[in-house]
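Quick one: the structure is below, questions incoming.
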Amino acid sequence: MRLQRAEILSRERFGNHLLLRYRWNGCIPQPGQFVMVRTRSFAAALDPFLCRPFFVHDYDGESAALLVEIRGRGTSLLAGEEEEVVVSEPLGRGFDIGNGPVALVGGGVWVSPLKLLSRRLAGRGIPHELYLEIPSTAPEAYGDVISRIFPDADLVPTDDPERAPEKLLARVGDLSRYSAVCASGPLSTLAAVKRAACEQVCVQLAVRERMACANGSCHGCAVPVWDGGGRTYARACISGPVFLAEVLAW
Amino acid sequence: MRLQRAEILSRERFGNHLLLRYRWNGCIPQPGQFVMVRTRSFAAALDPFLCRPFFVHDYDGESAALLVEIRGRGTSLLAGEEEEVVVSEPLGRGFDIGNGPVALVGGGVWVSPLKLLSRRLAGRGIPHELYLEIPSTAPEAYGDVISRIFPDADLVPTDDPERAPEKLLARVGDLSRYSAVCASGPLSTLAAVKRAACEQVCVQLAVRERMACANGSCHGCAVPVWDGGGRTYARACISGPVFLAEVLAW
Amino acid sequence: MPAAGTLGREAFGEVKGVYGAILPKTVTPKPRAGNPPPRLAEAPAGIINSIGLQNPGIERFLEDLDDYDIGLPIIVSVAGDTVAEFAELCARLAGESRVAAVELNLSCPNTERGGTTFCARAETISEVVAACRTALPDKPLFAKLANEGALNNALASEEAGADALTLINTISALAVDPHTRRIFLKGGLSGPAIKPVALRAVYEVSRVVSVPVIGCGGVTSGTDAVAFMLAGASAVQVGSGGFVREPGEILEEFAVYLRDNELKAQNLTSALRSRDESQEAMLY
Amino acid sequence: MPAAGTLGREAFGEVKGVYGAILPKTVTPKPRAGNPPPRLAEAPAGIINSIGLQNPGIERFLEDLDDYDIGLPIIVSVAGDTVAEFAELCARLAGESRVAAVELNLSCPNTERGGTTFCARAETISEVVAACRTALPDKPLFAKLANEGALNNALASEEAGADALTLINTISALAVDPHTRRIFLKGGLSGPAIKPVALRAVYEVSRVVSVPVIGCGGVTSGTDAVAFMLAGASAVQVGSGGFVREPGEILEEFAVYLRDNELKAQNLTSALRSRDESQEAMLY
C-alpha cells in the first residue's frame, strides 16, 4: 500500500464525530471513493497495525476532508494531537454520475461521501435532492453538524430504528422522478433502498467491509454479489465501495 | 506496574539528546533512582509494549527532568509531540549519601543521575567534585549541554574510547582524597572505576539492564553479583540500579 | 490471578484485593541461578524472555512461604527435569497446608528426552500428570500447557487426572539484532502478540474437555479477560500485562463490563452467542 | 518476493523492480468462492484472516497466467484437499513453461485425515511432498510449512525431495468480540506479532536442513528482512507488511543496511556472529 504524509489542517470535534481536513495535492478524489489512513508513521508503532478506510467527505482542490465517527483505537488516534496523517490516494470505484435528477439518501456517519457527491453534481448542474435520516437517539451535536454540512438536505427525523428506512423512503416519495438513487447509510437503509428502488431506477449503494490491503490483494473485503447467475464475492476495495444495487447478493 | 499521567512541561532537544521536564507531585526522587515511562496511554497502542527506564536527572520540588539519548522507538516517541507522559514513581535504590568528600564520575547519557546527586550533595553541604568524560567523537551539542547542565564539572576530553576510562581516572587523581566515588557511565568506565577504586574507597556504580516490570517480578534485569562467595543474579530494578562495586560480579 | 513468573513478592502491594489467588514463580527441586543477561527483548506488542527459571529451590521456597500469604490461596507452580522430579515436588507439597493447589509447568525441557519439552509428546504429559496425581491426591492439580499440541496434551492431562488446565505458556521465539548481527535472545514470546493464539487454544480445548480451563496470554485489559472467558476460560491469568498496567485497573474494567452487560463473571464462560444470530455482524 | 495470498495482480504496479519473483494466491483444483465475511480482524500488531482460499481454480488461473507475467519468475502456490489433488496440481504445472517453481501450501486442512492440516503429521508431509516431487520432476518444489511441528516437517519435506522450505504460514488464532459476545473470527494470525516466532522457526530449521529456507512472517521493514536472513533464510517473503507499507520502501531500507554494513545480500545468511563475542551486549 502506497501511503504519503499529509499535514492536518484542522480538526473539528462534534460529540462523537470528527471532521478532519488535510492538505492534499494528489489525485482528485471521485465521490464515493475512500482513502486508507494511519495516524503515525509505521516505524513508530506496529499497533494498531492496519490503516483505516474512510470515504472522502469533501475536497476543495487543496485539501480533503474526512467525516469520522470515533469508534475504537484507530479513530481515537485520528482525533488526537498529531500534526500529520499518513494517507493513500483516493481508492476504489465511486458513484457513477449520470444526468440526473438524482436522489441522495443516507444516514449515520455514512452520509460522508454524499457531500462530495452533491458538490460534484452541483458543479455539473445536475439536479439532485438529499434525504438524510436523523435518529431521535442521535446526540444534538450530530444533527447540528449534519444540517451545517448539508444545508439543503431534507432531514428526516426517525424514532424506531426498525422503521427508519421506511420513513426515509416515504419522504423520498415517488422514485420515478429520479434517474438514479445514490445511497450511503446503515445496512438496513441500503437494503430498503435496494428493495424499493432497484427495479425502477439505477440504484448505487456505498458499502463497506473490513479492509487490510485496499488494493485487491488480500480478498478480505468480500461483498456477496451475483455473477453470471451464481453467488460469489467481490472485493469492495477495487470493485466498490459503490456497487449497483442489483449486483449485490443481499 | 503503577503508572500515572504527568504533564510535559518542556522538551529541549540537543542533537541526539533530549531534556524532558514533567510535572511531578509524587514521591521525592532520590539520586540514582529511575522512573519507568511510556508516551501514551496503553489503550491507544500495544506497541511499543514496554515502559522505558530512565534515571531521574533532576527535580525541583514541582517537576522532574529526564536526560534522554534518542536510540529507538520508545525514545523517539518521547521526543515527539505528545503533551503527557505516563510515568511511575521513582524506583529502585539510589546512591547512598555519606559525609563526603565524594567524587562523581561519569560519561555518556549516563551522567544523567549525577545532576540530582550533585544538587542533593550541595544542598547538604557535602563537598564533591564532578569528572565527566567528553569523547572527541561526541557531537558539539552534547558538550554544550553537559557544560550547561554541569557548570562546575571537570570535563575530560577523550580520544580513544579504549583509553578513555584511564584518562578520566588520571584526572580524578588520588582517590584517597574521597570517602566515596559515585559513577554512572559507559560499562568500560564503570569497570575501570571499580578496578581502580574499589579497595580504597566506597565505590557506588549505577548499572542498567533491560527491564520489563521494574518491581522485582520478572527477573529480567539480572545483574551478576557475589552472594556469600557464590555468583548469582540480583535484580537491578529493586536491588539497584546503584550497587556497591564490590558486590558486582564483573 | 497472576501468571507464573510474572508477579514477585515485592509487588504484592499492587494486587491486594485484585487477584483471587497468588501464583509464585515456578519452583524447581534445586535452586537455579537463571540465565545470563540479556533475559528480555521487546517484540512487536510483546516480550521475549529467557529467565531460566531463576528460583531458590523448593526447600528454601517453603521456608519463605509465609511471605506469600496475603490472605489469598497460594497455587504453587513447579517444574522438574524428569517425571520423577515432578512427582517429588508434588509429594513435598502434598502435606503443606498453606498450599491450595499445584500448577505443573510442563513447557520446560525434559532432560530424559533429549531436552525437548514435556509438551512435545502427549504420552509424556500423561506420564507426568499421572505421577503427580498419585503424589498429590488431595489438592487440585493444574496442568499448564504450551500452545503447540495443546489439544492432544489437554486431553492427555485430563485423562491422567488434572483438575484444571492452564493455557498457554509463552511461544518459542527469537530476537535477532541486525545491528550487531547476533542472535539477541532465544526465549518465549508473551504479551498481546500471543493473545489471539491463546484465545484459540482456550476455545478449542474448552470445547473438548470437561475440566475448567484457565486462560493466559496477552491479557492487558478487562475486555481481554472477558474475551478469554467467552472463549471458554473459567478464570484468567495476567502476566506481561501486569508489567505495563496496574492489575487493579484491569479488574475494574472487567467489573465495568459485567455491570454494563448485566452479567455475572461465572456466567461469562457460557455467555457466548452463536455467530449466525446476527446478519449485521456479517455485513457490517 | 510476496507471501502467497498477499499480493494481487491489481497491485503489481507497486512491486515492479522490487520483488524477485511473483507468487500468486494459492490455487486449488476447483474454483473456491471463499468464506463469508467478516474475513479479517485486526490483532495486536497483526491481522487474523480467514479468506477461505478464494481462487478461480487451476484451469482458469492458467488461462489468465499471462496477467501475472511482469518479467519476473512466477512461483505458483497450490493446495489440495488430498495427496492426490496436490500431485495432480503439480502434474498440471509441470508442463507449463511460464511457471518457474511450485510452492505447496501444506497448512490447509487435509480432508482425508478428518480435516487436520497436512502439517499436523510429518508422515503426511512426506507423502505429499514425495507425490508432488514425482509429478514435478523438473521444476523447483517449495514446501510451505506451519510453525507447529516445523522442525519435523522440514526434515520430512527435505527428505521427500523439496528444494526449498518456506517458513511460516499464519498461526491458528481467534478473535472474540466482547461487545456482541460472539466469536468474531477463527483464522490465521500474521504480521509483526508472529515475527519472533517465525524467526525462531527459520533459525531452528535452517540449522538442520541443507536446502534453502525462505523466511516469512511479520516482515515490515528492511531490518526485519535482514533479521530473517541472519537467522538463516536465503530469501524473504513479505505478506501483511505490504498492506501497510510500500514494498519498495522495505527494499530500500534493506539496501541501505547492506550499504552501511558493507555486506552483500547473499552473504547475510552466513553473517551471523556468535553471541559471546561481545561482553558489552551481555551487560549493556
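Note that the chains are named A, B, C and D in the order they appear, and that numbering of residues resets to 1 at the start of each chain.
Assume a contact is a pair of C-beta atoms (placed from the backbone, for glycine too) under 8 Å apart; a residue touches a chain by one contact, two chains touch by 3 or more.
Not measured: the values here are computed from a predicted model.
K.L.:
Compute the shortest path length in steps from subunit A to subunit C over the network of touching chains.
P.N.:
1
K.L.:
Could you work out which chain's C-alpha centre is the most distant one from the centre of subunit C?
P.N.:
When every chain centre is compared against subunit C, the largest gap points to A.
K.L.:
So what's the Cα centroid distance for subunit C and subunit D, whole Å?
P.N.:
A distance of 31 Å separates the two centres.
K.L.:
Quick one: report the Å distance separating subunit B from subunit C, using the average Cα coordinate of each chain.
P.N.:
35
K.L.:
Measuring from the mean C-alpha position of subunit A to the mean C-alpha position of subunit B, what distance in angstrom results?
P.N.:
Inter-chain centre distance comes to 53 Å.
K.L.:
Could you say which residues in subunit A touch two or more other chains, in rising order?
P.N.:
43, 46-48, 209-210
K.L.:
Where in subunit D do residues touch two or more other chains at once?
P.N.:
36-38, 43-46, 191-192, 283-284
K.L.:
Taking chains as nodes and touches as edges, what kind of graph is this: line, ring, star, complete or other?
P.N.:
Looks like everything touches everything, fully connected.
K.L.:
Taking the complex as given, what residues does subunit D use to touch subunit A?
P.N.:
It is residues 5-11, 14, 25, 33-47, 49, 51, 54, 191-192, 220-221, 240, 242-246 of subunit D that touch subunit A.
K.L.:
Subunit C touches which residues of subunit B in the complex?
P.N.:
1-3, 38, 42-43, 46-51, 209-224, 231-233, 238
K.L.:
For subunit B, which residues count as touching subunit A in their complex?
P.N.:
Listed in rising order, the residues are 43-48, 73, 76-77, 80-83.
K.L.:
In the complex, go through subunit A and note every residue touching subunit C.
P.N.:
Residue list for subunit A touching subunit C: 46-47, 187, 207-210, 250.
K.L.:
Touching residues of subunit C toward subunit A in the complex: what are they?
P.N.:
Within the complex, subunit C touches subunit A at residues 44-45, 192, 279-280, 283-284.
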